[in-house]
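Presented sequentially are two complexes of subunit A, the first with subunit B as partner and the second with subunit C.
Let's look at the complex of A and B:
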């Protein structure tokens, strides 16, 4: 396949299929979880509005409590570098913004290319560090399954191909760009099916626990 | 159904396997129970985990041993595996392509020590998990399946079975209770009402107190007399420990809960006081109404809450005891129960020099005896290792007196104290209060 036709494919049918899978998959998974049985809590809450605490925990759990910092903060920081770098690269790059504008009508100013490349570089480096951690920590090795490695890979490839396209590395720019877009398509398509879905689920599980502990008046 | 694959390197004694049913039958009972517990909350937790491993860093078992098998979320792996294969939104694919293997009885047997021996359901991991997953909730659900399969550690099972048959896991039967109360009343010249037909307050007890710390009961009687409460014990509803809950026995849990509810309703009590026992509080204060199926028609208070309330109302007056003290917050009462302020109200009323532990009350270390673990004897060595963390935390405060409000913690402290030849004894908050009642004029 030539670079040009790959590009057309990645931008056209592949993108559409990916978007459909993204939306359908997310809805399917969320409904599949939330439609399961829920039991009513008849206990008399100490604080009646548990949901206030639920909402708070969605945000507050973004940073570890003092007691845990010594043991977890360093990896939290690496993970933040990845998430923030990734978010900047996706949402700050002009071509991405144009794509989003075409889809939704929303728009915002982009960042200079150098800043994007820097953010993507940070994201890629931290992702590599996280992989190293996963491969060497006994706890993570025990927990890790196919999804952990596959999702890592699916998240990593768009970063690398994006950087390659930006720095014009590789024989054919069109081919590299085509691969970048295709890898982005695959990321979208895969997102609802594996652990990447935590981008949505984190709010629900934090909120649930926050609400339960909150109505008991327990610190959370 | 696949055949049993028992880990030949470490066979589990038959006593940790109840009944005589076949392995496939055990498995199907476990799965049936798991299915009943796969509600939206469990699903959300099981789906949200990102395998970051941070929960390990909060768990005393992992912190003390460095063994990755003690990673909290790993402890419920078979439950998670069954969920993904049988119930998750993509379960048909998992089954079709064999992406998740079916759980086996052998696997459940191997997990017994993780689900029971090495989780006190203390909830410390819940507070670190970036996804906010409440692991004890999942452990409890996993225990339901294990109990249904007859795969409970034998000593925990025996205690549960006894509680179901005799009304108490430790032999504090109705008859024993009656005799004990009469003897304690006599011996200490204090009135201990039993089986009054009407009283405002139903007091309950942990059989650990009846059998091991009977002075707690005397202390309670003195406090009740001091404040002039209308109260009674009831021989048809006194045991507040709930081993059914700890073992994962839904029926046992329900029966234990309903005995208290019925007794309280019968005497038209407006308040039920739960004893110094962490899981009793959890089982009755937070799970009780859900077992009853509607809001409880009375208040359920931990004894420390009751003491704080009476101090606040000016009915409970204390003498000063200015010794330096530290307080061990029982996990099920503080971290998972929301009672943190009440004991501190008591310390202030005593004018005690309270030296808090280095972690905030909701994050302090578990004593290592909760979740039924203290009754599982093969887990003793592991329990002593985690107790060491607690001991250090207490030592670091430099306080002269160690106080707690859970007789199960107290039992664990006593055992740890003996094991480590430690010079500190855990005291009961209630007994401390009873020993410092101000004279009433």
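Let's look at the complex of A and C:
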């Protein structure tokens, strides 16, 4: 397949299929989870407004608890670098903003290309460090399955191909751009079906935990 | 229009017309500068043009709009007149020649016979295959059989324009005539694609002269000469600093457009288009589309008509299906699948837990 036809395929049918899978998967998982039967609570709540601690926990869990801080803080920072770098690269680059505008009608000003490349570089380096950590930590290795590695891979490829396209690395720019967009399509398509769904579910998961324990009066 | 193939060199032709060797050297210098040749090649060109017979060129047109020939006739350096009268022996071109009908066909046949196996075949336009090629016929013969015959006697084929190179407009979806590029029909001759809709005049003449002087130039993977198609428009675009700084014109008449900012948002295909527009420019080096304020259409690339719209930014989906339809159907299917999964989970819970067993505490918590 030539670079031109790959690019056309990635921007055309592949994108539409990926978008359909993204929407289907997200709705399926959210409806599937939200429509589950709620547990009955037979005890009297210590606090009536459990949702307040639910909301609090969504944010408080974004930073390590004091007990673990010394052991995990540096990895949390690396993880933050990755997430922030990724967000800047996705939301700050005009070609991406134009895609979002095409889908939602929303738009905002973009950042200079150098800033985007810097953010993407930081994100890529952090992702590599996190993979190294996963592979060298015996506990993490035991906890990891295909989903973890595939999700890592599918988050990493758009970053690398995006940087290659920006710096015009590779034989054919069209091929690199086609691969970049196609890897983005695969990321879209895979997102709801694996652990990457945490981009949405983290709030539900933390909120639920906070609400349940808050109601029981646990300090959380 | 010359009909004899002859063994005349460029120098012979100039001398026959009473021009001096100095004039000949001037022709060589013009060609050298137009082709941006190295000093070594420049020295060789003088030698070659003085000693090598001028090649016979046959120019055939099929499914095309004559825009390529219009472009060619506006070549400044080397000019079309110099090309035809000095550098090549243009034996047949049905638009430029005076002869028509049977006389023209006879001229073509005799020129081909005389230089059989040696002439350069220039083809302009795509070739339709549907209905046995009935959509384009010349003198009662289908374009496809005409091209096959002409190509079998050619030393090389130069496909001028995007239609001949990649199918172009006739090849665009839904391609009702079954049009194909020259390379789909001619497979046993070297092919040089000089793409563009139309190609830059000086690129056409430059390639013809380069081939007739030095032979095949270095080609890219789409068989285009590297010297003209080696860089993308974006690589050489003078608006590139604005692209890098994230400064984009949003409409054709906003402040950004007036300030000459990057045209990416207006659909510029410069990043994926290889051509010499920013360096050679058009109309004798006057300007090129981006310099005139219009985004690059990507006309020298395959399938440029079918890439989702000229004014749609490159990063935006081509809009293959109805967006609302896709999103709506996917969301509806997601709701059905989600409700189905929840109902199945509830049924499973009911089966494993007696209703009086203290309620369900086995509920899954979503992963964080």
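The rule is short, and it goes like this: the second predicted complex is superposed on the first by the 220 of 220 C-alpha atoms of A that agree within 3 Å, B and C clash if a C-alpha of one lies under 4 Å from a C-alpha of the other, contacts with A are read in each partner's own complex, and residues count from 1 in each chain.
One rule holds for everything that comes next: a contact is a pair of C-beta atoms (placed from the backbone, for glycine too) under 8 Å apart; a residue touches a chain by one contact, two chains touch by 3 or more.
These figures come from a predicted structure and were not determined experimentally.
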Handout entry: Contacts of A:139 with subunit B and subunit C, given as first, second, both or neither
Key = first
Practice task
Using the touch definition from the top, say if A:39 reaches subunit B (first), subunit C (second), both or neither.
Solution key: both
Exercise for the section: State whether A:64 touches subunit B only (first), subunit C only (second), both chains, or neither. Expected result: first
Exercise for the section: Mind working out whether A:29 is in touch with subunit B, subunit C, both or neither, as first, second, both or neither? Expected result: both
Handout entry: Partner chain in contact with A:202 - subunit B first, subunit C second, else both or neither
Key = both
Fill in the blank from the handout: subunit B and subunit C footprints on subunit A meet at residues 28-29, 31-40, 42, 61, 195, 198, 201-202, 204-206, 208-209
Handout entry: Footprint of subunit C on subunit A - complex, ascending
Key = 2, 4-5, 7-8, 11-13, 15-16, 19-40, 42, 61, 94-96, 98-99, 102-103, 109-114, 168, 172-174, 177, 181, 195, 198, 201-202, 204-206, 208-209
Fill in the blank from the handout: Given the complex, residues on subunit B that touch subunit A span 38-41, 43-45, 47-54, 56-58, 62, 66, 68-69, 71, 73-74, 87-90, 99, 126-134, 285-290, 292-296, 299, 334-340, 359-363
Practice task
Mind listing the subunit A positions that touch subunit B in their complex?
Solution key: 28-29, 31-44, 46, 57, 61-62, 64-65, 67-68, 71-72, 75-76, 79, 137-146, 148, 193, 195, 197-198, 201-202, 204-210, 212-213, 216-220
Exercise for the section: Would you mind writing out the residues of subunit C in touch with subunit A in their complex? Expected result: 221-222, 232, 235, 243-246, 248, 264-265, 271-272, 301-303, 306-308, 313-318, 320-321, 323, 326-327, 329-331, 333-335, 337-339, 341-343, 345-346, 349, 358-361, 363-368
